[in-house]
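Two complexes are shown next, each including subunit A; its partner changes from subunit B in the first to subunit C in the second.
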Partner chain A sequence: MYGFEAMTFNIHGGYLEAIVRGHRSGLLTAADYNNLCQCETLDDIKMHLSATEYGPYLQNEPSPLHTTTIVEKCTLKLVDEYKHMLCQATEPLSTFLEYITYGHMIDNVVLIVTGTLHERDVQELLEKCHPLGMFDSIATLAVAQNMRELYRLVLVDTPLAPYFSECITSEDLDDMNIEIMRNTLYKAYLEDFYRFCQKLGGATAEIMSDLLAFEADRRAVNITINSIGTELTREDRRKLYSSFGLLYPYGHEELAICEDIDQVRGVMEKYPPYQPIFSKLSYGESQMLDKAFYEEEVKRLCLSFEQQFHYGVFFAYMRLREQEIRNLMWISECVAQNQKSRVHDSVVFIF
Partner chain B sequence: MPEGECRPTMDLFRSEPMQLARVIIPVESAHRVISYLGELGLFQFKDLNTEKSPFQRTYATQVKRCEEMARKLRFFKDQMYKAGLISSTRSTYASEVSLDELEVKLGEQEAELIEMNANSEKLQRAHNELLEYKLVLKKAGEVFNSAQKSATAQQREQEYRRVERSLDSPLLLEQEITDLSKQVKLGYVSGLIQRDKSMAFERILFRATRGNVFLKQYFIEEPVIDPISEQKLEKNVFIVFHSGERAKNKVLKICDAFGANRYPFTDDIGKQNQMVTEVTGKLSELKTTIDVGKHHWGSVVQAISHQYEHWNNLVKKEKSIYYTLNMLCFDVTKKCLVAEGWCPVFATNQIQKALMKATIDSNSQVGPIFEILNSKEPPPTYFRTNKFTNSFQEIVNAYGVAKYQEANPGVYTVVTFPFLFAVMFGDWGHGICLFLATLYLILREKSYSSQKLGDIMEMAFGGRYVIIMMSIFSIYTGFIYNEFFSVPYDLFGQSAYDCRDPSCRDATTMGLIKVRETYPFGVDPVWHGTRSELPFLNSLKMKMSILLGVAQMNLGIIISYFNAKFFRNDIDIWYQFIPQMIFLNSLFGYLSLLIILKWCTGSQADLYHVMIYMFLSPMDDLDDNQLFFGQKYLQILLLCLALVAVPWMLVPKPFLLKKQHEERHRGGAAYQPLHSHDNNHERERSGGHEEFEFSEVLVHQLIHTIEFVLGSVSNTASYLRLWALSLAHSELSSVFYEKVLLLAWGYNSVAIFIIGVIVFIFATVGVLLIMETLSAFLHALRLHWVEFQNKFYQGDGYLFCPFSFALISDNEE
Partner chain C sequence: MLELEKKDKEGWISIIAYDRRNTSVEYIDNRRGMKFSMAEEKEAANTQVSELSTTDLKEKDENTLNFLDSVDNYLILIESLTSTLRQGWLELASARHSMGGSRVNTSLLTLKHHSAATKVEVNYDNGGSITKSPQLTLCKWASSDKKDSSFEDENIDNKESTKESNGSETTASPIKTENHLQKERGKVLSMFGALVSPKLRASQLSFETALDTLVEIANVRSSILETHHALLQHKVKPTKSTEE
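Right, the complex of A and B next:
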């Protein structure tokens, strides 16, 4: 059906696409970031944000402001918008929108499980969870002692259940296990999302496969770098890579045997799209890699708005907003801790 | 600019003359100056600090303070809303407070309220918890009682059985019963859970303990207030029976995870009763405490609500003042603030007076300096409208704000808009309905303008003077069409026509004869219901539409002459206005002349034929269609004139503009040194010399000419909508009258007649009064925006929006 979306897309998706494009035009611009970076106090930030779409969410906050409040309120806005879109959406867009939140669900599960492992208060952990990844019985996660219980008690009711098939073991939970679980889940999630988008077909499949492939490759690189020097075997590492993307399959073979960051770099520079990212980094450096990847991602996400009649814009918008919130968090932290010299380190301009 | 000339005031026709003024204000009196200017509301400040972000400006801290106070006020409003108080619009006593005092006061009040809220919240929570506890005690008590009863009953029965037929009883039964004492003591947890979570709760409990629990739930009919979220929720009382310590831990954890409130419970009936009385006692105690607290809180909120409106206005005013102060820039010495902005020329004295007053009131040694700047920047457009003309001006502004001092079609719109509407809506019955409805709005103007109305009501209320004019005009046209809910009346004397003989049998075949003078006003009622009614009315209305259209388009072109004259643009007069007049009138002006001639002489000439053959074969004889002597030669002359007018419009203007530009360029360079330095500066700022692109001008003129030539045909045709809508309206109303009201009358039954009347009323109100009004309104709007205004209206100005306190309080959410 490729090429015929224009005839039928607007019947169900037209309104929401208009909504999401409207939301996208509310994203902060480079001029806004420049102004924000010059702020002296958190109140200045609030004052500046009150002129943007965040205004109504921040206006009733009493004056000694905290970074967490700002982030919380900004996230609340995103969540409100998401909920509004989800309410209006019909199949298959509603499923697509739900897929977007699964990533947060995985993060939340991992957060709670790790937290309980270190004997933190559940309530406190719940507050830290991303509101998009909440599900009913999330608090019950604290009861579980091992993977099998985790699955049997709680996750079987959530959309994450099918992703769990690969990591059900009776081993007790520990940090390493949890991290592997996170990556396995994420791998299964990305693959499932990828398959779903392929099934949708048309421009959605085309654009989303590009975005998801980038996501998968980025995760592969991150897994590799993070697992250097740990007891994770090559085989295990290989298993955590998603089975699609630009690096699949040959790049994965090579990444699996990397021993240090420069080897990773050697592998990645063979792939033209990733070459500019790595060529910007000096040898042996991995600090700036995250930012470089974020910048590349934002570029790709923005490009997806150039085409019409596909669902990629919803994914892109959610991701861009999250990036914006990360930016705001970084700026507010820098301002709050008087580290203004570092304010530009981690801010990714969206426009 | 025509300054020295003595002209009559052109209040609405030309926008107010404006001037760009600079005010230099000493810092110490700046606040007062701005506040007086705000009260005056005739000065539009220009932002001189565009490159600075809001928090870098001079008065950013004050703006922040005001915002903080506004936040506190919103909090109070919230509290007032909770207390069910609506702030009295006029505060009982408006004591003057300064901003600083107010800030302190607001802070104190807020802290007090917050503390009170926290206390009452704590009490409320305890109260709600006890309420829930009571519920648990009641429900769980019932369970245990009934269980005990049934258990004892069972036991008794079994004992009875054992006595009766001891032989048949199973041997192991005895063992089973005697084991009672040895049985593991079951633990239990009781509490309340939200109803929609109860299913998941049960499921998780089952999974976590592998089915080794027994859960019992009981509905509570009324929603319970949750102690933590303080919302009314539907809840279930649950009791979980479990065995063993590990299971207990799991159950407790799950309860916590589901936000279920647990309450202790004993199975001892005596203790239960004791607990119930204890809880009831505590509840009544808490209740009185809470009530006292509430009363106190209410009185505090009440006190705030008296002053709220006053404070709110004050804070809003202060915020707007500081916001405006932020638009001013410091001069070099840092002792003065410099403001620039637009103000109407007539307001110069008022502004200076306000500045003087501010100087005196603030005991400043130096007064502010008010000077007028020259600027090439186009000034804003400002019309002084009143509540009557305002809505008509809004209709024009919705299309585009007039260029500075351009002729304003709003003046004519006041009359032509309702008139064109009425041509399409001619029925004096409907007109009277509309009139009465709008009259009601106007009479209750005072009370309506102060309250908030719904979307549609707001629109109707805003346009009440437009609608009342429309209704008056439609009563007038209704008399001309002689229609009252589609029924004609002979109010102005008797019909001019009558039957040939009293039996009136030949009325349809032979027609009537004229026996009296012509019916004095409007359409003769005798036309109604005849076979020739429609052809007659169509011909009348069609011709009338063309006459109205040609007249209005001519008016548009004539206004373009006034514009050209006002802006001293001779080229536009000679090469645009004159050929346009000639073109339009030689074709459609001539048609109008023919129409009037035909009406006056009663000739039977076919006007279509005349007009068509005027183009196709102008040399042919007109034969029967000749209306006057020499018509053929006049037509040839007019045709030639129209043909000449087209290149006249098209060719000379671009060349003349080019020549003019070249001259100005050469001349400009020659006497440039004569300009003062300041002027030059201003000119450069506003973009310097405009570039002259000949091809662009030529193409523009080509488009303009084609548009006018084609437009004069299509616009005239467009005015035929007057006829079409008027026809539709009268046909619709006659259908409702005949097919509903008369049909129902014909049945001779009261019930059917009542139904008929109801249907008729709803159809009249819904279709004719509301939908037809809307459609006629839209068509009148289009005729004004497109057919009338495209002849002369530029509409590329911008509105004058002065800094004014009156506008600020209007803009309240």
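Right, the complex of A and C next:
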């Protein structure tokens, strides 16, 4: 019953909520980002990060550093924290935490399948996979020729199995089919996660509904913009949108027929929560749209910490850490390419 | 007027008359069997020398100007290339930031055998000139797999367009070319997925522009070498004539 979580939540979730709130206080601040933005080399970045929680993960890395190394080590920290929380969690929190990683699992599956299609070595592909999305039989994906085999040989025993019902065909895998598979899987995953959170009820359902609806709407906009000028038909585009969110169903109908960024803007400005995002962009521009969406997401994620006794804080923390890693990746790239004037194009401050 | 007869060692020249007032000397050149005055010959020789100098100077100036123009072009193109490449790399990083590292990385580049999307043609036709350097031309998005089909399509389209009015004919071909270019660009980018971010497309355009600039730079460099060679030849000519 909503409002009575305070009575029972701490029995099973109190310790982990305290842990995650402690982790949250370790997120980089605006002062940290200002110091990092003034670095001249990647070694300077490593030196500044040594004073943060990333210190132990980067200290043994030899020079010269590479941007991918920094991202890899920072991701390892996130993975360690996640694994600690997962092994301490009981049901239903453990299922909730596993749901958070299914997106990475989908990305890894698509990476292996695409790389195999391009005749790349499986070991090389496995090294590029996100550690949060790994599962035991992932290497076996390389033997599948079509989606039916993919499902039958490998994915039937993974958490992604229920999401495959909508995209099983015997067609050979090619770039377009793989892209449609990726987006169909992600759509099914988001809808399943949404239903799970609704079943949990209470503050978790309320907060997670808002966050997942925003995710679904953002994906709809990105799919629309990315498919402009491609061979994806309007009908196929419409099928990739999730069946929930603020834009469902009328916004999706309008987005499906958009042919340029200005038409997308016209659709989105009708929805008050998204009107400020698109008002920041000039006509015909889509470069700053990602940053605007990330800023809105960070705002909503930070707000979830204002309430207690719900699982939304775990989801919010994981997403905030991922945003932090994206920030570090961008700062490192700008420093490595000697383009420090462009650093603030994509850095999103969390606090 | 003083008249003298003088032969040089080889016995070829005889001085006939020497007029102090206008310092002209009239003589017979036995070698050529000609009689003329020194003043005329000198004037003729001077005129001949000055005619040669003017032409030579003009050519030299032209070559120098061409050389300096080429060097100026070269420097401008180098700067343009640097800025285009910087922009391209940053846009690629931006695409990775937007799409994620797992969607934009080197392990997705295809190792399957495929023909080059862009080729460089070297034109050795130098118009008979030994010194003229070869010209490079970029043939973009000319995949040999699609060549025949696209050529056939063009023939069919040409036949259809002759039946249409002139106005529509002129607008039809640029649109078709643009569509073809878009398709070819999309085909290359599809190794990163069918639905990629506009930032990745922008990065592709930047690198495409950089490729155009590189070919221009190669052509300008050959022009620099050509004009430099011409200038060196001019430098050699005067030393030979002074020795004579």
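Following the convention adopted for this analysis, the second predicted complex is superposed on the first by the 351 of 351 C-alpha atoms of A that agree within 3 Å, B and C clash if a C-alpha of one lies under 4 Å from a C-alpha of the other, contacts with A are read in each partner's own complex, and residues count from 1 in each chain.
Here, a contact is a pair of C-beta atoms (placed from the backbone, for glycine too) under 8 Å apart; a residue touches a chain by one contact, two chains touch by 3 or more.
Because the structure is predicted, anything quoted here is derived from the model rather than measured.
S.K.: With the two complexes superposed on chain A, say which partner A:T140 touches: subunit B (first), subunit C (second), both, or neither.
M.R.: A:T140: touches subunit B, not subunit C.
S.K.: Would you sort A:C37 into first (subunit B), second (subunit C), both or neither based on which partner it touches?
M.R.: Neither partner.
S.K.: So, does A:I225 touch the first partner subunit B, the second partner subunit C, both, or neither?
M.R.: It touches subunit C, and subunit B stays clear.
S.K.: Between subunit B and subunit C, whom does A:L303 touch in the aligned arrangement: first, second, both, or neither?
M.R.: The answer is neither, since A:L303 touches no partner chain.
S.K.: Which partner, once the models are overlaid, touches more of subunit A's residues, subunit C or subunit B?
M.R.: C
S.K.: Which partner chains sit in contact with A:P62 here, subunit B, subunit C, both or neither? Use first/second/both/neither.
M.R.: First partner only.
S.K.: For A:L281, select first, second, both or neither according to whether it touches subunit B, subunit C, the two together, or no partner.
M.R.: The answer is neither, since A:L281 touches no partner chain.
S.K.: Is A:R326 in contact with subunit B, with subunit C, with both, or with neither (first, second, both, neither)?
M.R.: second
S.K.: Along subunit B, where are the residues that touch subunit A in the complex?
M.R.: 53-56, 60, 63-64, 67-68, 71, 74-75, 197, 200, 203-204, 207-208, 250, 253-254, 256-259
S.K.: Per the contact definition, I'd like the list of subunit A residues that touch subunit C in the complex.
M.R.: Of all residues in subunit A, those touching subunit C are 68, 71, 107-108, 111, 114-115, 117-120, 124-125, 127-130, 175-176, 178-180, 182-183, 222-223, 225-227, 229-232, 286-287, 290, 326, 329-330, 333-334, 337, 339, 342, 345-346.
S.K.: If we count contacts the way the header does, which residues on subunit A are in touch with subunit B in the complex?
M.R.: Against subunit B, subunit A makes touches at 35, 38-40, 43-44, 47-48, 50-51, 59-63, 122, 136-137, 139-143, 152-154, 157.
S.K.: So in the complex, the part of subunit C that touches subunit A is made up of which residues?
M.R.: So the residues of subunit C in touch with subunit A come to 86, 89-90, 93-94, 96-98, 100-103, 105, 107-112, 182, 186, 190-191, 193-199, 202.
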